[in-house]
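Chain naming follows the written order as A, B, C, D, E and F, and within any one chain the residues start at number 1.
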Amino acid sequence: MRKQKFVKDSYVRMTELVLPNDTNTLNNLMGGKMMHWMDIVSAIAAQKHSNRIVVTASVDNVSFKESIKLGNVVTLEAQVTRAFSTSMEVHITVWAEDIPSGTKVKSNEAYFTFVALDENGNAVPVPEATPETDEEKEKYAGALRRRQLRLILAGRMKPNDANELKSIFNL
Amino acid sequence: MRKQKFVKDSYVRMTELVLPNDTNTLNNLMGGKMMHWMDIVSAIAAQKHSNRIVVTASVDNVSFKESIKLGNVVTLEAQVTRAFSTSMEVHITVWAEDIPSGTKVKSNEAYFTFVALDENGNAVPVPEATPETDEEKEKYAGALRRRQLRLILAGRMKPNDANELKSIFNL
Amino acid sequence: MRKQKFVKDSYVRMTELVLPNDTNTLNNLMGGKMMHWMDIVSAIAAQKHSNRIVVTASVDNVSFKESIKLGNVVTLEAQVTRAFSTSMEVHITVWAEDIPSGTKVKSNEAYFTFVALDENGNAVPVPEATPETDEEKEKYAGALRRRQLRLILAGRMKPNDANELKSIFNL
Amino acid sequence: MRKQKFVKDSYVRMTELVLPNDTNTLNNLMGGKMMHWMDIVSAIAAQKHSNRIVVTASVDNVSFKESIKLGNVVTLEAQVTRAFSTSMEVHITVWAEDIPSGTKVKSNEAYFTFVALDENGNAVPVPEATPETDEEKEKYAGALRRRQLRLILAGRMKPNDANELKSIFNL
Amino acid sequence: MRKQKFVKDSYVRMTELVLPNDTNTLNNLMGGKMMHWMDIVSAIAAQKHSNRIVVTASVDNVSFKESIKLGNVVTLEAQVTRAFSTSMEVHITVWAEDIPSGTKVKSNEAYFTFVALDENGNAVPVPEATPETDEEKEKYAGALRRRQLRLILAGRMKPNDANELKSIFNL
Amino acid sequence: MRKQKFVKDSYVRMTELVLPNDTNTLNNLMGGKMMHWMDIVSAIAAQKHSNRIVVTASVDNVSFKESIKLGNVVTLEAQVTRAFSTSMEVHITVWAEDIPSGTKVKSNEAYFTFVALDENGNAVPVPEATPETDEEKEKYAGALRRRQLRLILAGRMKPNDANELKSIFNL
């Protein structure tokens, strides 16, 4: 039988300081640097769940609402939401904090997907991911819908076959 | 009247060499590093169109099919597809090349959106972006549908109002 | 009256992946890179306690027992132990994890001291740091002894005046 | 018989320019970056003495008195003070120079200890280190006392057994 | 018979954004960073021509007339000019662009030479490089003269034997 | 009267460790990284002579004979050879050392030229540079010939006017 692990056991927290090279000429953190950090923190969460080397398979839509400034502290939290046969979806929350002024805002949320690999670079099965809290269960349920959207956007599923996804259009 | 610029005038090509620090322990390029490069090349395209400092507003779904290896040459091409009032959508194509073996594959495509800012960091209007070729016109037309998907995913539009997007579900 | 904050409110956790440029030719993490990470995580803890820009004032003895390898995940936890008038001592614990093999070891502990600065770079008073748990209280008490050792080593206190420190020699 | 080398033959001088990413938001060099440089320069000195790959074993107290600014030139000098069976103590002096204003100050001194390793990562014997000048002889003599302090602080020696160290308390 | 390739097939374009760590305290791009980029873009051109790993053999005189500022976009274009038995000369043109002000200037031109290596690090023959346009033919012809200058400057040819080079002195 | 400084007072020594990101896939140091280090060490020498911010004006031919490997220690020595009105020529010698095998070779020599700038970025006069040893005097004398070659190569002097340079062709 397939091994089970709790989603919370994959939880990772990472803290970064925004340095000059991470910013544009208005001293705002560049989006690409943020995504680089998101990729590292979520890859570690996927590694913890699978005990394997992992590679990024896809990144869902990310929107950048708040500008994050030079000198801010950025906290990233990542946790596996659901495991498929050889892949895992990871949810990431990003917080930006201006410590001298005492302000802290949630700046982004995102979903990254990873595939687990063996030493030869071949995909290998991963344990099931078991949600416990209500929030974890909700993210677990939504993972199917997000997966269908990814497959459609990658041209690997026909929109009409995406039953879970259609539901967001109340059809 | 609003200024017009051809989309092809925003074209940018960037070439990068995959170095050890860009790779995981299987010597594959990490997805986060790739997105960092995508962000820089598309920000430059948006700057060229708007002649402004720009900030990343959103990143659409990106999927990673091919593994790119240490020592490969990565070529990124970016071009604005359509301009909205203060924002621009940019399309990016990524090629990975193993020069000694002579293989070159298209590894990714992606859409990033940027907002143009003045010196005080406030959003400012950008010129219209005029497509010329068939491919440019198709990407221009699709930009509306992708924008609706972004707004829905960011919780800023109700799925039922997304007329262009619904069309992909043949309703 | 001087403001009070709980030491636990300064807690910071940072996670880093050991990349090729962080290692020597035996693929071991270099000590200097580790200390760079320790400095950043503990500076953030001191910033959280003081809501100020901080500068490193001193680093206590650090010993490196375990070798940490390329690809390992390094977790650093930092928390203020005690505040003096314008300075704060921060305790750091470092964990090294080889995720594919499932091993995790405590690799280091260290104490860094920071001074809080205003916008002009002058030292400013910081809130008192209140310990709650037994472990926090023990670290709070020991801070005085460590401070005397630092002052002696920096040539700013005579060994004979270091009453708390002398106690470790049972005199 | 064990090979002998003069301590001066391990002498290394390194010069670095303080760049934006090395500084905090007050444009002061961060302590962690300085320790990273100290580690590299002293590792090279230990390599020169032992003709081996070396790993950092411990770092003694470092205090940061002077703030070093963006654009300053930092000069680090390192030299082995004494060799033990498989380890070496290295003394480092750091100078900070503001060239346009013509000021140069000694900003730090520190002691780092390294272990010599063979290709399999096992500790190997190193040559004896012979001091010649008065200053070298004084550092050679003090190395024993500093080693006892390190062992006590690492919990590997009882304070009462540290005869050389006790002498600094004039007991 | 020796393989032939057109020089235009080695063409590479690279785009870089000037970030804080690339600049001195006047916010001008440092010459060394520029040369680092020149080396990467021209190495890729030489790799494309030879389908081999390449190493830099020499760099011709480079002069820096224009100062390039923080936030500028730097475009580098490289193309092989001529192949010798195991080496290739590459011509590089550098453009600096201040996008918000709409200015773009040619900032540098340079010639770098590379040697092609097999997997064991030994020099190997490369295809002939065939010029087509007038500009390519002129650079092809001049390559011999520049090669003689390199050999003289490296002390490997006597000035009197440099017939092509002498012609620039109208002798 | 113009201030005089001895050339030896501008002497700078820099030591660098070749890390993974500095090398190509054959583990050889990339030429561009070496030139980046050369630029920093020689800029510091020019700063020391002029007590000014300096910018790179030109780089003379550099040839790369020896391959330098991952883990090698690179030592760069720079010293001003001669000052012109607002510019200085700096000579750089580079040594590569494989410490475990005990080999050390001179890998490169080069000349870089810098212009001294005031706070507004305008060129300013620099002190005269006085040579003392025979080697310093020889480099001082040759500086005129190298300067003519630079001006010819930059298209700013006619070959027939380059009297000092012509002498190398024994005319």
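Basically, a residue touches a chain if its C-beta (ideal position, glycine included) is under 8 Å from a C-beta of that chain, and two chains touch if they have at least 3 such contacts.
All figures in this text were calculated on a predicted structure; none of them were measured in a lab.
Which chains are shared contacts of chain A and chain C?
B, D
Quick check: more C-beta contact pairs at C-D or at B-F?
C-D
Quick check for the class: compute each chain's Cα centroid; which one is farthest from the centroid of chain B?
So the farthest one, by centre of C-alpha atoms, is D.
Based on mean C-alpha positions, I'd like to know which chain lies farthest from chain F.
Checked the centroid distances; the maximum from chain F is A.
Taking all residue numbers at the chain C to chain F contact, is the shared part over half or under half, that is, same or different?
different
When the centre of a chain is set as the mean of its C-alpha atoms, what distance in Å lies between chain B and chain C?
Centre separation, chain B to chain C: 42 Å.
Express in whole angstrom the distance between the two chain centres, defined as the mean CA positions of chain D and chain F.
Centre separation, chain D to chain F: 30 Å.
Calculate how many whole Å lie between the centre of chain A and the centre of chain B, each centre taken as the average of the chain's C-alpha atoms.
Chain centroid spacing, chain A to chain B, equals 20 Å.
Two or more other chains touching the same residue: where does that happen in chain B?
In chain B, the residues touching two or more other chains are 20-21, 24-25, 40, 43, 53, 71.
Name the touching chain pairs, please: which are they?
Contacting pairs: A-B, A-C, A-D, A-E, B-C, B-E, B-F, C-D, C-F, D-E, D-F, E-F.
Residues of chain D touching chain A in their complex?
20-21, 23-25
Under the touch definition given earlier, write down the residues of chain B that touch chain A in their complex.
Against chain A, the touching part of chain B is residues 24-26, 28, 30-33, 35-40, 43, 53, 55-64, 67, 112, 117, 121, 149-150, 152-154, 159-160, 162, 166, 168-171.
Can you tell me which positions in chain E touch chain B when the two form their complex?
So the residues of chain E touching chain B come out as 12-17, 40-41, 43-44, 47-48, 51-53, 71, 73, 99-102.
State the interface residues of chain F toward chain C in the complex, per the touch definition above.
Chain F reaches chain C through residues 19-21, 70-71.
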